[in-house]
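Note that subunit A is present in both complexes that follow, paired respectively with subunit B and with subunit C.
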Partner chain A sequence: MHTLAAADPAPSVFAGGSNVIALIVLLLEFGMLRQAMRRDQIRLYAVQSAAISVLAIIVAAARNLPDLYALAFCSAAIKVVVVPVVVRRLLPRPGQQGAGDEIAGSGALSVASTVLVAIVVAAFGFFAIGTLPIRSPILPITALAIAFAVVLVAFVLMILRRDVVSQAIGFFSLENGVSLAALVVAATMPLIFEVVFLFDLLVAVVVFGLLIRVHHGRAESLSTSELTSLRG
Partner chain B sequence: MTLPIPLIQALQVATIAIGAPLVSGVISRVEARLQGRRGPRILQPYYDLAKLVRKEALAPEGASWVFLAAPLVACAAYLTVPLLIPVLTTYGLPLGYMGDILGGGFILSLASFVVAVAALETGSPYAQMGASRAKTFAAITEPVVLFVVFTVALLTGTDLPYVLAATVRSSAGQLVRPAHLLAAAALFMVILYETGRIPVETHTGTNEFGMIEEARPFEHSGPYFALLKWGSWMKQLILYTILVNVFVAPWGLAATARPADVGLAIVTLLAKAAGIGIVVAVIDNSFAKLRLFKITEFVAGAFLLAVLGVFTLYLGGG
Partner chain C sequence: MIIVLVFLLVAPVIAALVALVAPARACNVVTAVAGAGSFAAVIVLIPTAAHHDVTLGSYLRVDALSVVFLLATGFLYAAVAVYLIGYLRVDRNSPAELRHARRLQAGLNIFAWSMLAAPMMSSLALLWVAIEVTTVVSALLVALEGTAGAAEAAWKYVLIASAGLGIALLGTIFAYYAGEQILGQSYDLTFVPLLHAAAHLPRTPVRLAFVLAVLGFGTKVGFFPVHTWLPDAHSEAPAPVSALLSGSLLAVSFYAILRYYQVAQAALGSGFPRAVLLTFGVASLLFAALSLLDQRDLKRLFAYSSVEHMGILAIGVSFGAPVALIGVLLHVLAHAAAKGNAFMGAGVMLRKFAVKHVSGVKGGLDLLPWSGPLLLVTVLALSAMPPFGIFRSEFMIVAGGFESSRDIFAAILVVLVTVAFLGIAATTNAMLLGPASDSTGPTTISRGEPSAWMVAPVLAGLVVLLVLGLHPPAHLTELLARGAAELRGPA
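Moving on to the complex of A and B:
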């Protein structure tokens, strides 16, 4: 009878579990590529931010880094509560002209092709990090590769979706990818820096919110394809 | 006292063959309950089979022997696959190494192929449409299955289902590995497609234009139709068995050849399959059927999961 044995030892439950949470972040990023409702797009971002806060709490507990509890709390307060509420407020209200248009079908490519492009880009992310000689005592390096893939897929989201909501959410979720990478390589970074980055995000939210309002006020639509007519 | 090994091997096939209608009955019962109906008896599929076997068999004019041979070949294929997968035991049975996961996949595709050929033989537009759609979408789910197999191969160094089950049992770290979870999720989506469940297809009902798998045996009747129905239930239970006993929960299998252990394994398997069936029934009731051209998006989602599984494992080292 053949022997039944594993080929290689499995990583620890902590490593596996944190990789799974990082992967959930990446899968939510892929979900944004096909989301058709702007409210759900914002909700996806809130869930993604919540996943990162959960990962920060797990790392804080497992690696004994109490700073990360504060960071997890700040980032949850800002990215799960404040940013979604502000973005939702800044969007044109229902009943206003052009407010009914949802963001379905704003992709430059079909959904399946967009996903395939994003897969190729994510593969590049995995490959690029895999060749670097980085090791982290905090989290497995797979989480860093996933974080890089999140950043790249966020770029794909911003490039291929032609509506302001997806592009703004793409930019914010790019920041989520960077936070994830920071958890892997710089979890011991001073708390003040992390908080400064978070407030930076708030500035970006206000700027994007203003852009959305101005664009909607002029074009009466959330689609950025109207901007093409501005070319000389 | 221990059971002879060939008897256990035969029991694996018998469990699938006899348990399949039961699992199907449980699913339709749960589905009906969730919709606020009383639903059929759990044993109704057996009565259906008995009724069909007693009926007269008719073939459309001009259909050749292929039309009548197809249900037999398909059934034989479905009875072969349980020899290859861990249905009841943790240890490999003598014929269990006859083929790997790909071998099992080929046998399942052979069954689906002969049913499609028989559907083409009939000349009936609905059966032909179902067969052509089934083959079209099978071609796009194929890469997903291949990537799931790659993930298994990278995890275990082989592609034998017994070895993957043993690997998953070996430690909790294996179970929460992202690649393993992604492969299991992708496989589950393929199973939803292969068993003709929502969001791909309505399992019951008469919406001919949305039909894929269900349309193919339209022209078969009597015992031949019974065989095809039984075959599709067996296929469902085989796929559920692969999902629970190889990927998700390979516990409760018999580690010895004692009759009590093997008997317990039979009960556990049917309970676990019914559990998967309940999940499928809940999905059936909480989602809408996708339009036909949206099925590619569903499969693209499954493909994404399977590919990311390979990435995290092969490039990411997770």
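Moving on to the complex of A and C:
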């Protein structure tokens, strides 16, 4: 990988720091992938969103892009506060049918195999993007490669988990991966679009929530094991 | 012309608000007026758009290509608005049914609004937003029936389509990155400057943006292998929603791909984008044709037929010859009319027999004096029988294939379309032509239509198919030619 070659000069503090934050985002994605408790999974999502807002603030300061402060604020308000609160409120109350918080058994593979699959997929995303001739004046390209790894691991999460809340969280964290990629290659995009994207996410969260409600009302559980009647 | 654009963006929203509060009769009238008005408004746009673009502010822009897709949505919106009057007539007895009817009517208006808005967006970012809105609105409509099947289909749909749109958002970001290199920072992703600058765009990001857009928006178009939500959602949604999903939503998503295709073609030359579309097109067509051979459920049958037709569109674009591109745009219109008819006809059939699977239905031709024959004719039209529009459009696409020396793929297209026809014909024949008496013992279903309101839009659809097949109006021909020229780009 180009950026790891020994001949390259050492990265600046800014580049190194932003790579570390990007890596934290990826590690949190792995955390969600193997998390056994539903509420903890939602917390991890909130922390991941916070990490991205922090990165946005750092980029805003270092690259003199004041719009990004506003974006970081909106993003934190929606993804760190509103989305987790909405999703948590949608979960069944303790004592209700299917209210168990334990989702460890909802994976289609064992935890170890799931993580192995995710590592392979993440490595593919990381190295595939790392070799592309794309350079950004805002952030080192490593962050973009990590963003793709996050997106791919989010897919693994959605595919291998068999409960609706994990699948929804998988989609929301996929969006976090896209936000990270946007910070690298599209940080100068007009603020209005970024905000519209965020509100779009909010609408999607509400619709996901409504459908989770519908599903829970019918199946009295959050598992997708009932959702197998339509095929062919 | 600007007033027309404003009308298209305002009328459906007003109709939706009215549908939430007003008495049933007023809801019906307002929705039908908004639908018919929108269709009329798009028709008014045709002569202008056939010669020059219409813009409003910096974020609304309509050219010939957009008007073609607006036309498909406008017609189906009008047809479905009328159909809904009959569809909801029997459904307004209890308060629960009344609430359901209100939600369906309001939701359909908002759904139509989002699909009318998408082709008018001048910026690729707003186009993505509009298509995401179509997803969330239609997912709620799919869940509306409240059955276990509907809940399952809606969940699969919203999850898979949203994930697909996440990929498309990545594509949008790379399109921004590519444009930024030439057009400078804080550039708002408007389409026209991007297309003008395309020749100078860096190649790798454009390639990446195009593939991500095809895969992402392709999830909503129903390309194989990301089509898996489509048969479930189409079969479980209420019939009017299915008609809009299949005839209009898939086309609008395909429109987004075409915009990226235009940029990619101008930046990379035609080889790469055409190869990508050809791959997805042939895979979708092959998969759909084989799936159609073994379908028992009427609405799933039509859903797989939609995958088939989207495959044909992609193959048509990949041929690249002018005649093929005109055929593609004609196919969008003809498919909208035919598939709208098919789902509306299926809705009549399922309501009449109160079933969902073809196995329970026999003798449709005897028991439904209008809808039976109309559905039979629609199925023939859908299978590209002359003299209907789809025959004309597929003929042009195949001719374009030979013209651009893609003989093998043109031949594959003809073979697979024939296989698909066999599958559709076998299932619908049993349902329509079988004797009525041996359905469920002594037949208790009397002869007659559930409602004339459910027949009229199907008749209108058939007229449209005939007009498109026999003699498309001159203005429309001009519009299609200009749209095809835009797609082809400066030679």
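As a convention for this text, the second predicted complex is superposed on the first by the 219 of 232 C-alpha atoms of A that agree within 3 Å, B and C clash if a C-alpha of one lies under 4 Å from a C-alpha of the other, contacts with A are read in each partner's own complex, and residues count from 1 in each chain.
Methods note: a contact is a pair of C-beta atoms (placed from the backbone, for glycine too) under 8 Å apart; a residue touches a chain by one contact, two chains touch by 3 or more.
Just so it is clear, the model here is predicted, and its values are computed rather than measured.
Trainee: Report for A:30: first if it touches subunit B alone, second if subunit C alone, otherwise both or neither.
Mentor: First partner only, subunit B.
Trainee: Contact-wise, after the overlay, does A:198 reach subunit B, subunit C, both or neither (first, second, both, neither)?
Mentor: neither
Trainee: One more residue to check, A:145. First (subunit B), second (subunit C), both or neither?
Mentor: first
Trainee: Regarding the shared-chain residue A:46, is it in contact with subunit B (first), subunit C (second), both, or neither?
Mentor: A:46 sits against neither subunit B nor subunit C.
Trainee: I'd like to know which partner A:133 touches here: subunit B for first, subunit C for second, both or neither.
Mentor: Second partner only.
Trainee: Tell me which partner A:186 touches in the superposition: subunit B (first), subunit C (second), both or neither.
Mentor: The second partner, subunit C, only.
Trainee: Determine, under the contact definition given at the top, whether A:169 touches first (subunit B), second (subunit C), both, or neither.
Mentor: neither
Trainee: Taking the stated contact definition, name every residue in subunit A that is touched by subunit B in one complex and by subunit C in the other, in rising order.
Mentor: Touching subunit B and subunit C on subunit A: no residues.
Trainee: Can you name the residues of subunit C that touch subunit A in the complex?
Mentor: The contact residues of subunit C facing subunit A are 123, 125-126, 129, 132-133, 135-136, 139-140, 143, 146, 148-149, 151-156, 158-159, 162-163, 166-167, 169-170, 173-174, 176-177, 180, 185-186, 188-189, 202, 204-205, 208, 231-232, 235-236, 294-295, 297, 300.
Trainee: List the residues on subunit A that touch subunit B in their complex, please.
Mentor: My answer: residues 1-2, 4-13, 15-17, 19-20, 22-23, 26-27, 30, 34, 111-112, 115-116, 119, 122-123, 126-127, 129-130, 140-142, 145-146, 149.
Trainee: Touching residues of subunit B toward subunit A in the complex: what are they?
Mentor: 90-92, 97, 155-158, 160, 162-163, 166-167, 170-178, 181-182, 296-297, 300-301, 303-305, 307-308, 311-312, 315-318
Trainee: Looking at the complex, which residues from subunit A come into contact with subunit C?
Mentor: Those in contact with subunit C are residues 132-134, 136, 151, 155, 158, 164, 167-168, 171, 174-175, 178, 181-182, 185-186, 188-190, 193, 196-197, 200, 203-204, 207-208, 210-211, 214-215, 218-219, 224, 226-230, 232.
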